[in-house]
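Next come two complexes, and both contain chain A; in the first it sits with chain B, in the second with chain C.
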Partner chain A sequence: MSGRSFMITHAKSIYGSVPLIGWLVGMLLAVLTESFFGNTLAYALYLPKVPALFGLTIVLKQPSLFPATVFYVLLIYCLPIFAVAGLTATWANRFAAAMEKLPLWFSAIIHIGVLYLVLHLWTDLSDYRLQISKLTMIAVMLTLSINVINGYMGEFSCSHPGFMALGAYASSTFSLALFHQDRLFGTPLLPEFLGPYMFPMGLLLGGAAASLGAMVVAIPSFRTRGDYLAIISLAFMFIVKSVLENLEVVGGARGMGGQPHWATLPAVFIGMTVCIGVINNFVNSTMGKALNAVRDNEAAAEAMTVNTRRTKMTAFMFGAFWAGVAGGFYAHELRYINPSSFGIQMLAEILAMVYFGGLNSVVGSVVGALSIQMLSEALRPLELFKWIIIPLLLILVMIFRPTGLIAFREFNIRKTFGPKVLKKRI
Partner chain B sequence: MALLQVDRMTHYFGGLQAVGSYSLRINPGEIHGLIGPNGAGKTTVFNLITGIHTPTEGGVFLEGRRLIGLRPHQIAALGLGRTFQNMLLWRHMTVLEHVKVAHYAQINYGLLSALLGSHRRYADEAFIEKNSLHLLDIFDVAHYADQLVANLPYGAQRRVEMARAMAIRPKILLLDEPTAGMTTEEMIQMIGIVRKIHEQFKVAILLIEHRLKFVMELCRFVQALVFGKVIAEGTPEEIRSNPKVIEAYLGSEDVS
Partner chain C sequence: MGKIRAVSVAILVFLFACYFVSCGKEREARIKIGINAPITGDIPKVGEGTKYAAQMWLEEIEKAGGLQVGDKKYKVELVVEDNESKAESAVKANTKMIAEDGVLVIIGPQSSKQAIPAGGVANDYKTPMISPWSTNPDTTKNRPFVFRGCFLDPFQGPVVANFVKEEFGFKKAAVLYDVASDYPKGLAEYFKKAWEGLNGPGSVVAYESFTTKDTDFSSQLTKIKGSGAEFLFAPQYYNEVALIVRQARELGFTAPILGSDSWGSAETVKLCGSDCYGLFFSTHYAAAGAKGATKEFIVRYQEKYGYVPDDVGALTWDALRLAQHAIRNTGSLSGDLAKDRQAVRDQLARVKDFEGITGKMSFTEEGDPVKCAVIVRISNKGEFEFYKQVCP
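So, the complex of A and B:
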C-alpha cells in the first residue's frame, strides 16, 4: 500500500467514526480559540481584520491576502476541529451511546445547544457574520418550506416570494401598529416592552396570512398540475406585489420601515430549529409520505385511501406558512421591506437553493441554502457577473445530478445524533 | 345481501357508450371473473365501481351502501381495494413506504400530532410499520422492504402492488389483469398468490383477465364483456364453450 492511500484510509478510519457531538465540540473549541487569539493572529499575519467568512469574501476582493487567510483558517478552524474530533472520538462515541438511551429531546437539546453556542461565539466577532448567519438561517427556512411543495409534493410553485411578502407585511403591521412608534400607524396601542415577548405571535400571524394566500392560489389551481400551477402561482406572486404597491396603508411602493429589531440570533435560530424539526416530523410520518404518493401517482394514491385533495391543500398551506414565518423574520432583520424586494429575483434565489441542494430532502435544503448563500457572498465583488456564475453552476448541477446534490434522502434525527460505528482498520 | 352489487350501470364517454347496462352481484368470499377482448370496457367497469368515473346511469352498492357520488379514496376506505393493469407504483418510494401509505385511512392522529410528534403518532406509526412488514412477509417481498420499487423484478413489483392493496383492509379486491406481461410460470405462481389472499383474508375478488387458464382455475362465475355489454355469463366451462364468446375472441367463420 502506498503512503498516500494509507494516509487516506487511516484518516477515514479515524474520522469516519466521529459522532456529531465530537465535531460540534471541535467547532466550539475552534470558535473559542478565535475569540481569544483571532485578532492577534490576524494582526500577526498582516490581515486587516479577522476573515469574516473563512476568507470567502477576500478571495476575489484582495487576492494578495489569500495565502495568509488560508493559513489563518487552517490554524484557527481546521486544526482544533480535526484534533478534537480525532482525539475525543472514543469518548464522544461513549457519550453519544449513553445519550441514545435517554429520550430524544435530551440529546437534541444538547446538540442544538452546543451548535447555538458555536454560532453565538462565531458571530460575536463581526456584525457582518451575524447578519449573514441570520439571513442564511432565514434562507434555510424558505428552502425547506418550498421543498415541501416543489420536492415532496412535486408541484412547481412559484409563489413563494408572494407568501413571504404576505408574512413580512402581516408581521410588520402587527409589530408596528401594536408596539412601535412609526410614521404609518402612529402611536402604538400597547406598551413597547411587551413587544419582544409577543414577537412569536406576530410571526404566527405572518404564517397564517401566507397560508390564507396559499388557499387562494390552491382553490383555482386544484385541477391543474405541472406548468399550469407554475403559471397560476407566478401570477399570484405578481398580484401580491402589485396589491402591496398600491396599498397606501402599508406604505405602498415606498415600503415599510422601522420594524423593531427583534430578529435576534436566538430568535432566528429557534425559528429555524423548530422549522426543521416540524417539517422533518411531517415528511417522515405516513401522512407526509402520502404527499410523495400523490406526487408519484395521484390515481394510485386516491385508490389507496389517500385523501389527495386534502393532502395537497395541507402541504401547500403548510409550506406557505413557513414562508410567511421566514418573511416575518426577514422583515425584522432588515428592518425595511418594500414590495419590489419580493419579486422575480428572490424567486430565482429560492429556486436555486432548493434545486441546488436537492429535492425531497431536509439535509439537501439546508445544504442548498447554505451553499448558495455563501457562494453569493463570495461572488459579491463580481457584481453582475455573480448572476452568470451561479446559474451556470446550477446548470452543471442539473446536468450531473438532475434532482440536486442530496436528493431523496431521509433525515433520521436519532441516527444523526447517535454514536458512529467504528469501522475496521485495514 | 350481496357484498358488491352493481345495477344496470351505463356510462358514456361523449357519445360513445363505454359500458351498457352492466350488472353484477358478488357475495362475500366469492371470486368472479370478467373477461373480454381489448377495448371491451373491462377497466372502465373497474373505474366506475371505484369512483374514478361516475356512471351516467345505474347504481353501485357496497354492503347496501350507495357508492355513487363518493370520492375514490372514500370508496377505498369503505373496503374496496384494487390493483391497476400497469401497476401505478410510486417510483421514488420504497416497498415498505408503499404499504405504509396505504394505511392512510387508518391513521388516528391529526395533523398537529404529525407535526409535533405526539405519543399517539408514534403508537400509530409503530402499528402501521408492524402491519406493513407483516403484509410484506405474506407476499414474500419483506427482504425488499427498503428498496425502491423500480429496482425490483417484475413479479415482485406485482406482489408489492397486491400487498399495498391489501393494506387498506378491503372486503373486496378488484384485480386488473394481475398476470399482464407474465410468463406461464409466473402466472401459475400468481394463481397461488390469489388463492392465498382469498383464503387468508377471506376477501371477495373480482378479476379482469385475458388468460382463460387463470380464470378457469380461480373463478366459479365469469362474465364476458364485449363492447361494454355482457354477452355471456356463467361457469367458466359454459363461457368457454359459448359460441358468442368464441366469436368475440376469434372472429366468426363466415368472413366475406
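So, the complex of A and C:
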C-alpha cells in the first residue's frame, strides 16, 4: 500500500467514525480558541483583523494577506476541530449511543444547543459575520420552502418572491402598527416592550398571509400542470408587486421602513431549526410521500387513493407559509422593504440556491443556500465577473448533476445524531 | 512512512513561509473611506460615475501626500464595495466596511432603495455616511449619522413649478410618471402640490402614470394631448425620457416637456437626439458653461475617462470633499475609531456654506443640505447649458 492511500484510509478510519456531536464539540473548541487567542494571533500574523469568513472576503481583495489567513484558519479552526474530533471519537460515540436510547427531542436539543453556542461565539467576534449568518439562515428557510414545491412536488413555481413579500409586509405591518412608532401608522397601539415577545405572532401572520396568497394562485392554476403553473405563478409575483406598489397604506413604491430590529441571532436560529425540523417531518410523512407520488405519476397516485388535489394544495400552501416567515425575518433584519426588491432578481437567486443545492433534499437546500450566499460574498470584489462565474457554476452543476449537488437524499435526524459505527480497518 | 514525513515537513515549511511572507508589513495609521456603489445591477453607469469620482479624489489626495489632519498627514485608502443595486447587498457591504475594514466615513449608496436600509446600519454603528444622490426623506430622517449631498424632492418639485410659472406663464400642467418607482412618484406628487398651490386646484389637467419598463406611452400621451395641457412634466430616467419625448412628438404634442435631475445623464441626449434639444430640466449642476472648480472637475474627469461627468459623479465628488473637510476640521484623530467617527459626524453637522462644485451647501438638523438648484437647457448641440439658478 502506498503512503498516500494509506494515509487516506487511515484518516477515513479515524474520521469516518466521528459522530456529529464530536464534530460539534471540536467546533466549539475552535471558536473558543478564536475568541481567546484570535485577535492575538491575527496581530502576530500582521492581519488587519480576525478573518471574517475564513478569509473568503480577503482572498480577492488583498491576495498578499492570503498565506497568513490560511495559516490562521489552519491553526484556529482545522487543528482544534480535527484534533478534538479524532481524539474524542470513542467517547463521543459512547455518548451518542447513550443518547440514542433517550427520546429524540433530548438529543436534538443537545445538538442544536451546541450548534447555537458555536454560532453565537463565532458571530460574537464580528458584526459582519453576524449579519451574513442571519441572512444565510433566512436564505436556508427560503430555499427549503421552495424545495417543497419545486423539488418534492415537482412543479415549477415562480411566485416565491411574491409569498415572501406578502409575509414581509404582513409581519411588518403587524409590528409597526402595534408596537413601533413610524411614519406610516403613527403611534403604536400597544406598549413597545411587548413587541419582541409577540414577534412570533407577527411571523405566523406573515406566513398565514403568504399561505392565503398561495391558495389564491393554487385554485385556478392547479387545473393545469407544468409550464402553465410556472406562468401563472410568475404572473402572481408581478400582481403582488404591483398591488404593493399601488397600496399607499403600506408605503407604495416608497417602501416601508423602520421595522424594529427583532431578527436577532437566536430568533433567526430558532426560526431556521424549526423550519428544517417541520419541513423534514412533512416531507417524510404520508403526505410527503403522497406528494412524491403525485410528482412521479399523478394518475397512478390518484389510482392509489391519494387525494392529489388536496395534497398539492396543502404542499403549496405549506411551502408558501415558510416563505412568508422567511420574508418576515428578512423585513426585520433589513428594516426596510420595498416592492421592487421582491422581483425577478430575487426569484433568480432563490431558484439558483435550490437547483444548486439539490432538489428533493433537505440537506441539499441547506448546502445550496450556504454555498450561494458564501460564493456571492467571496466573489463580490470581482464585480461584473461575479455574474459570469456564478451562472457558469450553475451551468456546470446542471450538466454534471442535473438535479443539484445533493439531490434526492433523505435526511434522517435520528441517524444523523446517532453514533458512527467504527468501520473495520483495512 | 517516508512520504508522510515529507508531507508533514512540507506543511511545516509552508506554514513558516506563510508567516514570513506577511512579516515586515508596516502598521501605520490610515484613514479608510468606504464607497458603497452600484457597480453591477440595474444602474451600472451610476456605479461607474461614483467609482471614477472617488478614484479621482484619491489621486488628488495622494498627490498632496495624504490628508492633513492637525499636524499629521494620513494616508488615505478607499474601500470600494459593490452593492449590486440590491438593498440586501448594500446592507452587507455597509456592515462589512464598518465592522471589518474599519472605515471612518461611508460615501453612498446612491439610490434610496439601498441608501435607506444601509443608512440604518451606519446609524446603528455610529458611523457617518453621506449618500450623494438619494432623495427619499427616510434616508436621513431621525438618523444623526446619515447625511446626503443633494436637495430633496419637496424642494425640487416647487422649483420646476415656479420656473414654469415665471418663464412661460402657463396655467395648465400635465404630469407623466412611473408609479412603481419611488423617485418619479414622489417628485410628481410634490410638483402637483406646488403647481396647484400656484394655479389653484384642477390646474394639473392630466396626471398619468405607467409602470417601470413600460415602453409604449401612446395612450397616456394621447390623453395628455387631449387635456389641453400647456406643458408636460416627466420626472423620469434617461431611458424613458427618450421614449416619452419621441412618442409625444410623433403624436403631435408640441408643447414643452420638462424634467428633473434624473435627466442629467449623458445618455439622455444620446438616446433622445434632436427631439430633446431646447428642453429644460432642473438639476444639481450644469456641465456646459461651468466656471471655477466645477469646470476644473469636469475637464479633469473628461480627460481621464472620456466623457462629461453626470450629476452622480459631481455629487459624489462633493460628498468626498465634504468628508475630507469634516475630517480635517476635527483637528486631530485619536486613532480610536468610535471617537473619531463621532468627531467627524459632529463636524459634518456643523458644515456651513461649504463651497461644492454643485453649489454652496449647509446642513440642516436632519442632515439634508440646503442648496440651490440649477435649471438647465439642452442646447442645440446637445449640451447641458446653464440657464438659471433657483435658491431656497
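Quick note on the criterion: the second predicted complex is superposed on the first by the 426 of 426 C-alpha atoms of A that agree within 3 Å, B and C clash if a C-alpha of one lies under 4 Å from a C-alpha of the other, contacts with A are read in each partner's own complex, and residues count from 1 in each chain.
The rule is short, and it goes like this: contacts are C-beta pairs under 8 Å (C-beta built on N, C-alpha and C of every residue); 3 or more make two chains touch, one makes a residue touch a chain.
These figures come from a predicted structure and were not determined experimentally.
Set side by side, chain B and chain C differ in how many residues of chain A they touch, and the one touching more is C.
By the touch criterion defined above, A:Val278 reaches chain B but does not reach chain C. Of the two partner chains placed by the overlay, only chain C lies in contact with A:Glu377; chain B stays clear of it. By the document's definition of touching, of the two partners only chain B reaches A:Gly288; chain C does not. Once the two complexes are overlaid on the shared chain, A:Thr305 sits against chain B while remaining clear of chain C. Once the two complexes are overlaid on the shared chain, A:Asn338 sits against chain C while remaining clear of chain B. Of the two partner chains placed around the shared chain by superposition, chain C is the only one that A:Leu135 touches, whereas chain B remains out of contact. By the touch criterion defined above, A:Val148 reaches neither chain B nor chain C. By the touch criterion stated above, A:Leu47 is placed in contact with chain C alone, chain B being left untouched.
In the overlay built on the shared chain, the residue A:Leu20 is in contact with neither chain B nor chain C. Looking at the complex, you find that chain A touches chain B at residues 278, 281-282, 285-290, 292-293, 295-297, 299-309, 314, 360, 408. Within the complex, the chain C residues that touch chain A are 1-4, 7, 15, 17-19, 21-23, 25, 27, 39-40, 81-82, 84, 86-89, 91-93, 95-96, 98-102, 113, 116-117, 120, 124-125, 136, 138, 141, 179-182, 185-186, 211-212.
In the complex of the two chains, the chain B residues touching chain A come out as 50, 52, 71-73, 76-77, 81-82, 84, 88-93, 97, 100-105, 107, 109, 111, 114-117, 121, 124-125, 128, 164-165, 167-168.
Note for the complex: chain A touches chain C at residues 2-4, 7, 45-49, 52, 57, 64-65, 67-68, 70-71, 74, 126-128, 131-132, 135, 183, 241-242, 245-246, 252-255, 257-258, 261, 334-341, 345, 377, 380-381, 383-384, 386-387.
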